[in-house]
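In the two assemblies presented below, chain A is common to both, partnered first by chain B and then by chain C.
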Partner chain A sequence: MERKPLHSVKPPTPSSSHSPEDNAGGSVKLVHAVGMHARPAVKLTKLAKRFRARIAIRVVGVTEWIDAKSVAKVMAMRAPCDSTIEFAATGADAGAAIGALTALVANDFLDIEG
Partner chain B sequence: MRFGFANADQRRPGHDEAGTLSAALESAARDLSALAARIGADAECLEFQLALIDDEALIGRAFESLGDGVAADVAWRRTMENLISEYGDNPSEYIRARCLDVADLRDRVLNLIHGTVKAVESPAGAIIVADDLPPSRFLELDWSEGGGIALSRGSAMSHTAMLARARGVPMLVQIGDIPHATRALLDAELGVLELDPSDEQMRAFEASRASHAVRRGRAKPLDDRPRATYRGEAVRLLINIEGPESLSHPAARFADGVGLMRTEFMFEGRDEAPDEELQFQTYAAVLNWAGEKPVTIRTVDAGGDKPIPGLSETGEANPFLGVRGLRLSLRRPDVFSTQLRALGRAAVRGNLKIMFPMVTAPSEFAAARALFYRVVEDMKAEGLEARAPELGMMVEVPAAALTIADFPAAFFSIGSNDLTQYVMACDRTNGAVSHLFDPVSPALLELIRRVVGHGRASGRNVSLCGDAAGDPRHTSTLLNCGLREFSINPNALEAVKNAIFENLSEARLD
Partner chain C sequence: MTGNVGIVIVSHSIDVAKGAADMVRQMVGGEVRVAFCGGNSEGGLGTEVARILEAIDSIWSPDGVAIMVDLGGAETNSEMAVEMLPVERRGLVVVCNAPIVEGAVMAATEAAGGASLERVCAAAEELSAG
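Up next, the complex of A and B:
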């Protein structure tokens, strides 16, 4: 089993030298506020891992950018009521990743508990 | 019984540390997947542990330190313990409760690395007494013959608690040191662990357990229940909360609103009273969660058994009969005005009601109301958005219950804990008089009926928010007193709702 540590996570800047389709960003309001519970955190990171793009997530005005593929980090992300979740991705499938992730949050993680 | 390891970790020369760690992780993932497949819907914590094993950023750090010559078990333990201390510092109780999931995974993988299999045998039906109980251990135990859990520490928000709740395994948390005993009775409805009980206690317990089993057999989860009614009147079940954190309880969304939000928590553990903005944000967060549902916020109830340094009086010979609740707030208009300003501003954000604690005389209520109206007028003059919502009071002093019609309050909430204590003249924490502490004794019921009667006659809402409201054994008695609104801990919602339906079906049989 080969494991490589990820690079430290930075928000990809839209003005970087990559072509425009390599970068994408999007934000979405958290419907089911009060915190990122275990099941939503697992769902979100699992979905993020389906994409090759590097993906960062933050709660606007509350948390720093963190790695959206790390459940350990996403689990501890506190998202208060009415907060806005923002994603930023770099990589070939960045646009698709942002679309899928914002839809997951907008749909209240589908079968979220509590 | 403790879960953890005291083995000395040693680097073994010539040993493939990366291979050892990889193999242990793969094996742990297989075991967890198999366990998750077996238990199905309750597998949330196992899914989280599996996701942790799959978290490359996290696991990568353990593998990285192997490169620095650290043994597999040491590297793994460090990585998990860093995460535990990170979660342990989080202000959210829910996230702090995840430390147990991480410690559970840490030990599972360490067992695999060390080749030790821990087998703590416990017979079916036993009461597990421990510091804390990891969820995977809960799942390995045989609960088919009953049994229970009593934890010195633990959290009601842990995955173990969620599993226990889902399976109806009685569990007590945070009960402190537990002395050694050979026999024990655990009553999670009452929150009591009786050590070395007498034969008489055993017989009484068996009877109460049998009736509980019957109720439980007919119980349904909250989702399957329509709104409760009794004698054609809607029965509202609201929740008591300590702050916005309490709203993450899975049952909270089934509540008809917040019947009691305590505010003492904002004043605890800080050098000075919380400022207006912090209070406003906190109240607004709860109102936002509730939407159109009502939220009753109680002004700070310090003093008595809840001293707050810097706010409550010190050196009182008898704090329960001293300066507490509204008495204290009226002596500290600076602190009280700040809270009232924050509440007046929050009132425009939702269906807020404000309630004063420990009201004894109508003049106290009038003074608090006058101060509140003045504060709201001041804010409007400052150009701030503010509103004066309904003002109500707790009924927990016998004098207030006896002269209830003299109080110009818009609603009443009976605080049965303090009311019982003051009516029966017994300290609820003193075990020697616990037989007298009966919230449904005739004296209490007399007062409850009096307040409910006044409420019905004058069109004012009356609810009950003490522990008695959350005890399903009292539901029928309280309904018969005319009460149609209860405010209870989110934990008790299911049991009380089931008790209301139980009552209905028994009433039909009569």
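Up next, the complex of A and C:
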């Protein structure tokens, strides 16, 4: 799993009311064989909704930032296998959200049950 | 889990309705209550208000119920079913303007997180928004 802090990019809805430590980011390679199709998108969105932080997601170099809690938008990303998924979160539990979401993608979406 | 918006799937075909409900259960999980109905009493295609009312009753949630429909009569009969509900329940049931299978999965995904009825319908209807 590849993770690195994000300093050069911002999600589309950064909140100026949060201190810097309320922001977190991470990127991870999508290893799912057929990319981000329906079931992975549902799992990712459900997990994102467990956190209060605002969470943005994009396919690096392919898509704009979108709301990671919108299943329709995440599904429509059509992220292909081997692409790099990047997350950016803002809010009190941003760090935990990034950790959980990057782990989900890195573990091929297997570690979460409905 | 209680406290989540429930989903009712109304298709002219019982097979389509059951298939859509299966997709919700397998893709989203069991924490969202899903009911389905379809077909007429002769075993053919159609929708019946009484069956829609039964489906709503079977998964009733005080947080609300979102109905997914396919074509014409499914929508009008679902609206009729909503009008026949006890008055205190009427405002808690919404017929969503969304494709039946995709809408059901999107709505259930939103509902699984404990979202309000309004947000559940918005998630389903995001698909048909311009």
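As a convention for this text, the second predicted complex is superposed on the first by the 90 of 114 C-alpha atoms of A that agree within 3 Å, B and C clash if a C-alpha of one lies under 4 Å from a C-alpha of the other, contacts with A are read in each partner's own complex, and residues count from 1 in each chain.
In the analysis below, contacts are C-beta pairs under 8 Å (C-beta built on N, C-alpha and C of every residue); 3 or more make two chains touch, one makes a residue touch a chain.
Computed from a prediction, not measured in an experiment: that's the story for all the values here.
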item: Per-residue contact with chain A, leading partner among chain C and chain B; value: B
item: Touching partner for A:37 - first (chain B), second (chain C), both, neither; value: first
item: Touching partner for A:45 - first (chain B), second (chain C), both, neither; value: both
item: Which superposed partner A:78 touches (first chain B, second chain C, both, neither); value: first
item: Residues of chain A that lie at the interface with chain B and also at the interface with chain C; value: 38-39, 42, 45-46, 49, 69-73, 113-114
item: Complex contacts: residues of chain A adjacent to chain C; value: 38-39, 42, 45-46, 49-50, 69-73, 113-114
item: Of all residues in chain B, those that touch chain A in their complex; value: 22, 25-26, 44-45, 47-48, 51-52, 54-61, 63-64, 83, 86-87, 90-92, 94-95, 98, 101, 159, 244-245, 247-250, 252-253, 285, 288-289
item: Contact set on chain A toward chain B in their complex; value: 1, 3-6, 33-35, 37-39, 41-42, 45-46, 49, 67, 69-73, 75-76, 78, 80-82, 113-114
item: Of all residues in chain C, those that touch chain A in their complex; value: 27-31, 105-106, 109-110, 112-113, 115, 123, 126-127
